[in-house]
Amino acid sequence: MTANTGVPARDRTRRLAYLVPGPMHRTELGAAELQRRQDKLRDWAFPGTEVEVRAVDRGPASIESMYEEYLSIPAMAELLVATEADGFDAAIVGCFGDPGLDGLREISDMPVVGPASASIALATTLGHRFSFVTVTASIVPALRRLAWEAGASDALASVRYIETSVLDVNKDHGAALGRMREQGRLAVDLDGADVLVLGCMSMGFLDVAEQLTEELGVPVINPSRAGLHAAEATVAQGLTHSRRAYLTPPKIAAGAKLGELFVGGGGRP
Amino acid sequence: MTANTGVPARDRTRRLAYLVPGPMHRTELGAAELQRRQDKLRDWAFPGTEVEVRAVDRGPASIESMYEEYLSIPAMAELLVATEADGFDAAIVGCFGDPGLDGLREISDMPVVGPASASIALATTLGHRFSFVTVTASIVPALRRLAWEAGASDALASVRYIETSVLDVNKDHGAALGRMREQGRLAVDLDGADVLVLGCMSMGFLDVAEQLTEELGVPVINPSRAGLHAAEATVAQGLTHSRRAYLTPPKIAAGAKLGELFVGGGGRP
Amino acid sequence: MTANTGVPARDRTRRLAYLVPGPMHRTELGAAELQRRQDKLRDWAFPGTEVEVRAVDRGPASIESMYEEYLSIPAMAELLVATEADGFDAAIVGCFGDPGLDGLREISDMPVVGPASASIALATTLGHRFSFVTVTASIVPALRRLAWEAGASDALASVRYIETSVLDVNKDHGAALGRMREQGRLAVDLDGADVLVLGCMSMGFLDVAEQLTEELGVPVINPSRAGLHAAEATVAQGLTHSRRAYLTPPKIAAGAKLGELFVGGGGRP
Amino acid sequence: MTANTGVPARDRTRRLAYLVPGPMHRTELGAAELQRRQDKLRDWAFPGTEVEVRAVDRGPASIESMYEEYLSIPAMAELLVATEADGFDAAIVGCFGDPGLDGLREISDMPVVGPASASIALATTLGHRFSFVTVTASIVPALRRLAWEAGASDALASVRYIETSVLDVNKDHGAALGRMREQGRLAVDLDGADVLVLGCMSMGFLDVAEQLTEELGVPVINPSRAGLHAAEATVAQGLTHSRRAYLTPPKIAAGAKLGELFVGGGGRP
Amino acid sequence: MTANTGVPARDRTRRLAYLVPGPMHRTELGAAELQRRQDKLRDWAFPGTEVEVRAVDRGPASIESMYEEYLSIPAMAELLVATEADGFDAAIVGCFGDPGLDGLREISDMPVVGPASASIALATTLGHRFSFVTVTASIVPALRRLAWEAGASDALASVRYIETSVLDVNKDHGAALGRMREQGRLAVDLDGADVLVLGCMSMGFLDVAEQLTEELGVPVINPSRAGLHAAEATVAQGLTHSRRAYLTPPKIAAGAKLGELFVGGGGRP
Amino acid sequence: MTANTGVPARDRTRRLAYLVPGPMHRTELGAAELQRRQDKLRDWAFPGTEVEVRAVDRGPASIESMYEEYLSIPAMAELLVATEADGFDAAIVGCFGDPGLDGLREISDMPVVGPASASIALATTLGHRFSFVTVTASIVPALRRLAWEAGASDALASVRYIETSVLDVNKDHGAALGRMREQGRLAVDLDGADVLVLGCMSMGFLDVAEQLTEELGVPVINPSRAGLHAAEATVAQGLTHSRRAYLTPPKIAAGAKLGELFVGGGGRP
C-alpha cells in the first residue's frame, strides 16, 4: 500500500488496479483494447491517481451470462491477491456484473470496488428512478439482482438491452451508440426513468455518457468512471469494505494459505 | 432422461443426482461419508426414485465462505453437464449455499434444485417466521442473501450459528447436535422463530431434524430432505426451472460448445 | 395417524385426505366429479401415498368470492376434525383460495396444506416472476392477497383471468383450455411472467399443465399436484405446520370442546 | 338509507349500526353489556349520528383465534344484509380482527367499517411506529396480518398482550387497565412505539384510552371510537368502500339470491 | 383550547383553524376565495365544530413545487403558534403537500393535520389501490413521496395530472372538472386504481368529489373534507400527534423562545 | 461554470461551494470555525478542486430539529442562486439533514449534493448494515427518513445519538469523540452494524473518522468528506441531478423570476 502516513490528504497519491476478469488480450480485441482502456482511465482519474489495467490470463472471452461470471472468479481471485501484494491501494472489478464481489472482499483488506454497486449508488443520488441500458437479454436477471442487492429495486424503472454482444459493441462503436440512444430514450419516455445507467463496461469505455446525457436530457452514468471515482474516494478517505460484513474465510483465519482451500485438480478449479 | 412417456405418473421412476461441490472423498471424511449420504438419501426418497451421489474431483474441502462457494462452481458445472448427459432427471446441488444455482440453470434443461431455495420455500408454508441454524459466522451474510433472494427477508427471524466448522460437525455428531439444540431454542425463545431451517447439508445428514422438531416444539427443516423432495416433485410434475428466467448463454445459443466459452489456462479456471 | 415408528422412511405409507369445501356431489357436477378427482390424485401420487377425496355435506356450490370462501369454513372445520380422528396423516384444502387455512391449522395437529401456498412456494423456486391464470375477476384481489401472504408480492407479475365460471370450466374443458392458453401467453409476452400458476383447482384437475408447459415454454404449475406433493413431502419428513405460528384457541387449550366455542343456533353458524 | 338529498352536509343525519359478531346477550355478560356499549357509542358520536348496537343470535362467545373469527362470519353476513335493508347508512364490525371484512363488503353497498383498519390508519397519521396492546398470545399473528394488510408492517413496533381473556377483561376492568398500562409502557420504553393501539373492542369499551394517553405520554387509540368516527366521516363524505376492490360475487351479479349460494345444511353453514 | 373537561363527548365543541400557507387574499383570487372555502368547511363540518380559515400574510402565491412548499413554512409556523395561543383545538394545513408537517408538529401540542396524510389513510381503508389526480407534473414526485411516507407506496397505482395550474383550477371550475374526470377515468381503466384521491386543495374546494364518485364508480376522496374530518375525530378522541415522534426542538426544550432559534435577518428567513 | 471544454478530464478544475445553512459567523463559534472547515475541505479535496465555504447571513444557529431545517431553506435558496451565478460547478449542502435538497435542486442546474444522501450511498457499497451516530434524539426521526428516502431502510441497523448539542460538539471535541466511540461500539456490538455513518457535519469536521475506523474495526464515514468527494465525482463526470426528477417550478418555467414566486412580506419568508 502506498505510504501515506503523515501526508496531507490532498498530497496523497493512490495506486488503483483495474482488473479485467477475462483474457481480453487473447481475444480478437487484443492487448490494444486493454491499453485503450488504461488510457481512458488515466484520462478520467483525478491527479494523484495512478491506474493500471491488468487482465487475468485465463477466463471467459466476455461475460454475458451468470455462468460466465462464475467462470471468471477463480482467476480473478488469484490476480486480486497478487495485486494487493504488489502494493496497490484498491482494485476495481472490470465487469459490470460485479462478479464474485463478496467473495473477493473476503480475501482482501484493500478496497475492492464493483462498478455496478458504485453506479447504482450514484444513480440513486441523482434522481428518483433509473433504468439500465445493457447488451443482451441474457444478462437482464443479473442486473435486476444487482439493483436488488443494492436496495434499489423500488428505484429500478426498467432494464433495456440493445441485443448486441459485448464483442460487437467493441467492433462497431457507432452502431452501439445508436442503439443505446434509442433504448435510453424509450426508458425515459415509456418507462419513466429519470436517470440511466450503462450496464456494461464496454459501453462505458465507448466514452459516450456525456454526449448521451446532453442528448437525452437525463444523467447517463458511465460505470467505468463511476467505479473509478468510487475507488478514488474510498482510498482518499482511508476506508475499505467492512470486514465485519465480508469475513475472512475461517480456514484462512485459522492460518491456512489461500491455495490450501482447494483440493485436487492441481489446485485449479 | 428416463423414458416416462405414456406411463401413468404413479408408475414413473425418477433418477436423481446429488452433486457434492467438493471432493469429499479426497478429504479425511473420505468416500465412506459420500456412501453414507447416498444411503440416507435412498432411505428418505419415495419409491420410484433412484438417487446417486456424485462428487466433483476437485474443489474446496468444505464451503464456509462465499469465496469457497465461487471456487466450487466451475467443476460443478462440468459435473452437471456430464450428469445430464448420463440421462438423469434432475440434479440437487449438495451445498446449502446453492452455489452458482443461476449459472448452473443457464446450462441445463433438467431441473437443478437448490436445497436452500427448497428449504426456505417449505419454511414459509409452515409458519410465519423462521431462523437458520448454521455452522459459522462467516456464512451468515450469505444466508441472509439466500432468504432475500427467495423473497423471504421479512420472514427471517434470525441467523444463528454454532461456531463449529463443517468438518467438526461431521467428526462429532453429538457435540454438533447439542449446539444446534441450544441455538435453535434461543431462536425460538428470543428471536421469535416458529420454524427452524438447518443451514448446512452436513447438519442435514446428521438426520436429527425429526428429533429436534419433537424437542423444540417447532418444525425443524432438514435441507437434505427438503431438497430431495423438491427434486422428486418437480420431476414428477414434468417441470423444470424456467428457461425464460435462466437464459442460455448467448454464445451457446449461437452454437458454441461449453468449453469454448473459456480462453486460456487449458480451458480450466 | 399411520403407525410409522421404526419403519424406514422409504417404506412408510401416507394417508392423505383431499377435502372439498363445497358439496360438489349435490351440484350438477355430481359425485362423478369427486370420483374423477380422486382418480387423478391417486394417479399423480407417489407410491405409498393413499388419497381419499371427501366433500363437506353443505357449503357453497363453488367459490368465486371471499364471501363464498367464508361460507365454506365452518363445515370444513368439522370435516377436518373428523378426518384427523379417522387417522389420516394430512389434509389438503380443496380450493385454491386456501380458505380458512390459518383457522383450520389452529385446530389440527396434522398438516393442513393449502394449494395456493404450495404453488406459490414452488413457483418462486422455478423462476423470477410468476402470473396467476384464474377464473373470474371477482377473485383477483384474493389471489393478490395470497401472493402477498406468501411474501411473494414482488414476484407477482400479474393476475389474469379467463372470465369463465368454475362451473363452466368443468362443463367445457376445451374452451377453458383455449382461454387459459391465451391468457397464459399474454402473461408471458406482455407481463413478463416466466412461470405460470393455474389459480383454480378445477383448472388443475383439467390436467393440462404439462401440455401448457410445453406449448408456452415456461413452467405451468397445477395447484392440485403442487398441493398433493407438498402434503406428501411434509408427512414424509415428519413435519406439520408450526403450532407456535398457529396457536390452539385459548378456550380449547383450557379444556373446552370445539363445539362449545359456539353459542346459539344449535351450534351451527 | 337516510334521505339526505338536498340537505346541507352539516344538517344531515347518519344511522350507524354496530354489529357484534357474537351472541353476547346469551353469555354471562348479558344484554346489559350490549346496552352499555350502545350508551358509550352514543356518548362518543357526533351530533346527528344515531348508533344502534345489534348482536348476532348465534356465534362464538368471544373471539380469541382465527378459528372463532371464521365461525362468526356467516351469521354476521345475515345480520349485515338485514341491517342494510333496515335503512342504515353504515355498519361497524364489532370485533377488532375485522373478521370477514372483505367478504362482507362484497355483499354490501353501504360502508362496512373495520375498527382495526380504521385504528391503524389513524395510528399512522399520528406518529412513526405503533404497537398493539391486545388480550392473548393466540391473536398475535392475526394482528400482525392486519397491520400487514393495511400496508403498515414497517410501522408496527410490536404486538404486546396482557394474557387475559376477553371475558376477564370485561369482568375486572381495573385489573385489565393495570396490565394494559404495564404492557403499553413496555411497548414505548423497550419497543420504540410512539403510538399505541388497543387491540380488542372490549378494551376499547373500558373507555380508558384518554386516561392512558395522559399517563403514558403517547397517543393511545381506542378502536371503538376510531371505528365510529371512521364510519361517521365515510358517510358524511358520501363515500363507501370501492366496489371495484370488493366485487359482487358473480352468482349474485348474475341474479342469484344470497341464500342460493349455499347448498345443503338447510342453507346454514 | 376549548374547555371540555367534564362535558360528555357528544356535547363537546371543537374550534378548528384551517391555515392557508399562501397569502391568497393578496392574489387575484382575493379574500372572497378564503371566505368561500370557510363557508364550504363550515357546511361540511359536524355540528359542534367551528372552523375558521386563516391565511399567512406572506408566502407563495400558490404551491406547485417543493421549492414553493419550503418558502411557505416559516410564515406558517408563526401563524400556527398564534393560532394555538388563540385557543384553537387543532389546525389543518391548507395545502395537499402537507408542507412542513413534521416541523410544525414539533412546535405544537395541539393536533396539526395534513390533508394528504388524512386522505391517504382514508383511501387505504376503502380499497386496494389508489391514484392521485393532481394539477401539474412538477408536483408528481412530491406526491409519490407523500404516499411513501404514509407507507402506502405499494398501494399507489399512479399519479395523474391535468396539466392545469392551481390558479387556472380556481378560475375555470368546469374545465378543471372535465380534465379531472378524464384523468380519473384513465387511472381506473388503465392503471388499475379502485380509489381516487384529488391531490390539490383547490380541487377539493371545487366540491365535486361526490359527483365524480357517482360518475366514475369508485370512491373519489376530497382532501379538504378528509382533512377536516380527521381533525374533528382527533380532537373528539382527546388525541394529538405523538410528541415522542415529533420531539420539541432541544433549544426550545431548554427554555429558548421560538424566535430565538433564528439568527440575523431581523429574525425573518 | 468553469470552462472545461476540450480539456482532458484529468486536467479539468472544479470550483465547489460548501454552503452553510446557518449564520455560523454570527454565533459564538464565529468566522474562525467557517475558516477551519474551509481549510479541512481544501485539505481533503483532490488536486484541481477549489472549495469555498459560504454561510447564509441569517438562519438557525444550528439545526437539531426539522423545524430548524425548514427555517434554513429560504436563505439557502438565495445563497445557492448567487453561488451558481458566481460560476461555481457544484454546491454541497452544509448540513447532514440535506435540508430542502429537492427544492434546491428544482431551482439549480448545477449539482446540489446532500451529504446524507452521499454518505448513505457510500455506506451501502461498503457493507450490509449501517448505523447513524448523531447528536440528539430530536433528529432521530429525520435520519430514519433520510435512510428511507435513499431506499436504505432495510440496511439501517440503528440510529444512535450522543445526547450532545451541535454547539457542545464544537466546544469540546474530546468529549464528543469519546461519546461517539462509545455509541459506535454499541451500534456494532448490539445492533449488528458493520458500517457507521456520523450523522452531523460538526462531527465530520472533528476529522476523527479515520481514527474511529481503526479503533472500531468497521468503516466510519465522515459526511463532510463523503459529500465533498460526491461533488467532485459528479462534476468530473459532467453530470448533475436529473431535471426530470427535480422539475423547474412551473411559474419559473413560464418566465417568472424566482423572487416573483413570493407574495407579501417584502419578498422574505
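Lettered A, B, C, D, E and F in written order, each chain numbered from 1.
To be clear about the criterion, a residue touches a chain if its C-beta (ideal position, glycine included) is under 8 Å from a C-beta of that chain, and two chains touch if they have at least 3 such contacts.
Bear in mind the structure is a predicted one, so any value in this text is a computation, not a measurement.
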item	value
Touching both chain C and chain F (chains)	A, B, D, E
Superposition of chain A upon chain F: rotation angle, C-alpha, nearest 5 degrees	180
Selected pair, greater C-beta contact count between B-C and A-C	B-C
Same or different contact residues where chain D meets its copy chain C, judged by the half mark	same
Inter-chain centre distance, chain B versus chain D - centres from mean C-alpha coordinates, in Å	47
CA centroid of chain D to CA centroid of chain E, Å	27
Residues of chain C engaged with two or more neighbouring chains	128, 141, 154, 245-246
Topology of the chain contact graph, where touching chains are joined (line, ring, star, complete, other)	other
Which pairs of chains touch, using the document's own definition	A-B, A-C, A-E, A-F, B-C, B-D, B-F, C-D, C-E, D-E, D-F, E-F
Of all residues in chain A, those that touch chain B in their complex	22-23, 26-27, 56-61, 64-75, 77, 100, 102-104, 106-107, 136-138, 141-142, 145, 148-149, 165, 245-251, 261-266, 268-269
Residues of chain A defined as touching chain C within the complex	141, 144, 153
Contact set on chain D toward chain F in their complex	128, 154
Complex contacts: residues of chain A adjacent to chain F	8-10, 42-48, 113-114, 117-118, 121-122, 124-129, 150-152, 154-155, 188, 194-195, 209-210, 213, 217-219, 221-222, 225-226, 229-230, 232-234, 236-246
